[in-house]
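Per-chain numbering from 1; labels A, B, C and D assigned in written order.
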């Protein structure tokens, strides 16, 4: 069955995604600019778990009414293959990029539950419900300020507010405040869309439109630079040492040359958007929004086809069928 | 007939738009940052012709392969109600914000045709076809460097390249290069989408997603701050001196109070996106892309309804029917 | 007497500045991004009073503890030649670029004193003293929300807090809140530094360093694009119709050609930084900081000389002598 | 001997810095925005070698006349404690953040010399001399595209231009071009300035002004978020497991409490700027420019004192004495 929207062919295929471990941290600061400095640094070099240790990105900007301390902030999502690796990356990245950054504080972005049994789990004053939801009751509390506090060399003190413990660590610009724990929850990694376009300009336009629209979806990040990746890979390589290599079937320069070509001669450029999310629904919603923006540009703007990457469905338990994601009421 | 996409109701209505005069200029500089400084200044305070003299905005960033001088640049679109007013605004804005800005040069973004009869009208070397298209053969050449050159106090010199005249005006950082003319063409102003949402957060998310996606559409700008306007107006006011006033029918705070209410109690926030474009097709495409991104977020994200503003259809010759704009293959 | 710092010659000259009328507004929003959208638009096309009506710019970002409503914000300064013109520009720019911008509110950035006699003049809760200082007791209250309120078509309501009146105007995204008045105070316009450098790269580096450092000085703006102007002008022109023309004495391309040349053959590029400030002290401090950053780069970085523009001292009452501005302890 | 500039005390002390290994890469793309996306990702999470593997940052934006392929670009500097670690980080970061990023290419930013003996070492057409200088003749060539090319699974091809080898690797958006090698040279890490100020606002203002001005200095980066670090550390901790802990002598919250206090009660906030550079001269110049900008703000702006961090001079071979860095003509 073929679906064509606005001249763009939507493959009858699916994106195959995998379980990951995820957490969210809220970084606040004296103003939005300094919160962003810390968030950009902490989520940098985090495009792929394979060589970066985790996948991370800025989820969105937070107004003062959305943060525990009433300051402007930024929500950052981090994903890894295991809770152990995630905790390691979290401690390193927060220790190197948030603890170090002028005026910042860091809080759990997913409710880790009460720090002390019997304290109940009222969220910190001013905490924004939405941000606490995903992990409530189901997340595993892991160290956030719990270990960073030792940087205080004994001068650190803690405070309990609404059943949550916060550490106050003396630093040169005053105090670094860090919530004791954040919650690690199950996440979904590797949702994806492949945009096949006429040329570089039309591929960039479709990818930029899709990513920009997808940024409005909560609980997801697009971890690659600018949200887009152009170096799709296949499993295996002619070089035994390498486990992966360029996905020649999707390289326009190899159309007609590669053993297996997925492209026809009209396709001049292909770009992929990879999505990690806190839930299967969030990843699906992001893919839906990306397809909505891209297909509205459609074939008149040079977008010829939308596909998705999978491994035959045997490896990843999450299958996002493109046709099923199309908004109800569309499709034909 | 009702269309519902992803839970969002699409009104069976239309946006009513008006003829405007339009032009595009290409601002280049030593690097992209300085081209942007000039473009932001030149297109500032230009949200509405009523009090700003023109409506202007950054269309997109230009790579060196897209500019006449092989430097990075920015394309700016300007719209006014008359060619006379547009020329006045163009001279003022370029004179105050581009001529003044370190390392910049300015070129026609719509082919004004040959500067001198008999020179043929080959585009300047390196000019990007797309950018020259809209005006070719149909635009009216108006002064760009033609008058600004006199700032050179007699030291200015001109050069003809491919039938186009360029002025080189000595300034403190070296030379200001300005093409003699740009083309004024017919444009379309006032395309619009009204996004009715559950609350501020969902209205912002839908508007940000729509505007971000629409920025990938060529030949259009969204002239309001961040591309969005929240102060929709109706014609007339209880104060005789005022010709327009708040559109009470779309003010959530007045639901049930205003004489005529367009909202139901579920609508907590309404935002409008206004579009000016070089062609009717471009405005329609921008509205289509905005609806595509917004409806993909849909009712689950709090977007309840999409409407459009019109004056009964008697004033503006361009009618953009929302249902007709929906991508083929969607709807029903 | 010659002063040379780090190889850069500091002229024994002065910048000549003029009285202006000035005001500050505080724009707040749901988050810092939307406050910035409004501020950028409202302060756009405002490089020079001659053709823009006013000179305006972003003074700095504001944390929630620095704004009347506890939201993130941006402080904008506006300058004009007369209070009348400033009020006209203020109403237009706020009406077109702030009233229209989603989620924004606008407040006096200079204390206009009590809105109603007898109400005392306690500053609004949360108002940051510094921002209120300059005008206190000396400013003239002018309309901010006072006239914009009529957009509410009768639905607007007002509230008195700490002796200040605030207007709440129903708009599509909820309410636009605007303080009734702001204060117009005496300001100083036209402070300037001329950076004479070896080439474009060294002139840009010195100008960027100086402007970036000057942005840390309160109560001033650098109104040109990116804070720098390269089209210095002299009074008069060979064309009777024009009152000003390129400052040929400072054009490297004309060294040796122009009747009067201020440059030697080593100077390849000259850039000027123009400063408007709320007080003479603030303009002087900005010039001092700019010279500090630029001279620290110095001749090794290609900055050969720092000069200043004046009209012989007969026109402007404010004379900023470069040597007198040098930090105490420097000079030798 | 005491030096006081503009009311700010300059310590008679020195910053102690260490040898590092360094390299520069030039990232180009279809436009400046995409080059920046790749550069931000590749230089993220790189504030300190201890936990990030390297220290990296954006040196500056590059115009098309400054890049080998005539496209806009960004120069990135990377530093590590050993050449081995630097090569590892370089391959990972370029592989994950540049190879993956749409439309980018990567080139040596320090001349690695000819790729093949006998081919002469003319720089690639368009290469900007300045950027090639530091390593010329002295740098050690290390793999850039040399290993990344294998991603091409045999489809990669190479080209020699001016004695340099460039690899063209087929990817989904076309080709990834990478120069075979870049040069690793000796660098200097850990230059620093400590800004002691009255409160958070004045410390931020001084640090922002200093960093902004320092960005105009070539061959250096300030690797911490926003260029500033507030978590200064001392060697050792009361917790045996930790090698470092908060520098209590510089924590305002501990003034009078800590065994050794470097602050008096007037100091409310301290911020540090750490500088890594390709040469001792570059680090010294950056420190000079930072002091120039900061002291011009001076005590009237709340900057009370400038100090520098060292370990008694026994560990690091590079000693940057603050007094010696003061521009000639200033001081005393």
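One rule holds in what follows: contacts are C-beta pairs under 8 Å (C-beta built on N, C-alpha and C of every residue); 3 or more make two chains touch, one makes a residue touch a chain.
Nothing here was measured: the structure is a model prediction, and the numbers come from that model.
*Asks:* Which chain's mean C-alpha position is the greatest distance from chain A's?
*Replies:* Measuring from the centre of chain A, the most distant chain centre belongs to C.
*Asks:* Half is the threshold here, strictly exceeded: which of A-B, A-C or B-C has more than half of its contact pairs identical to A-D by residue number?
*Replies:* Most of the contact pairs in A-D are shared with B-C.
*Asks:* Is the C-beta contact count larger for B-D or for C-D?
*Replies:* C-D
*Asks:* Taking the mean of the CA coordinates per chain, how far is chain C from chain D in Å?
*Replies:* 32
*Asks:* I'd like to verify one number: the distance from the centre of chain B to the centre of chain D, where each centre is the average of its C-alpha atoms, in whole angstrom.
*Replies:* 40
*Asks:* Which residues does chain B have that touch at least 2 chains other than itself?
*Replies:* 30, 33
*Asks:* Please name which positions on chain A make contact with chain D in the complex.
*Replies:* Against chain D, the touching part of chain A is residues 30, 33-34, 37-38, 40-48, 50-52, 92-93, 95-97, 99-103, 150-155, 169-176, 194, 200, 203-204, 207, 224-226, 228-233, 237-239, 242, 245-248, 250-254, 257-258, 268-272.
*Asks:* Write out the stretch or stretches of chain A touching chain C in their complex.
*Replies:* Answer in residue numbers: 30-33, 61-64, 70-72.
*Asks:* Under the definition above, what is the set of chain A residues touching chain B in their complex?
*Replies:* 3-7, 205-206, 208-210, 212-217, 285, 288-293, 295-298, 300-301, 327-332
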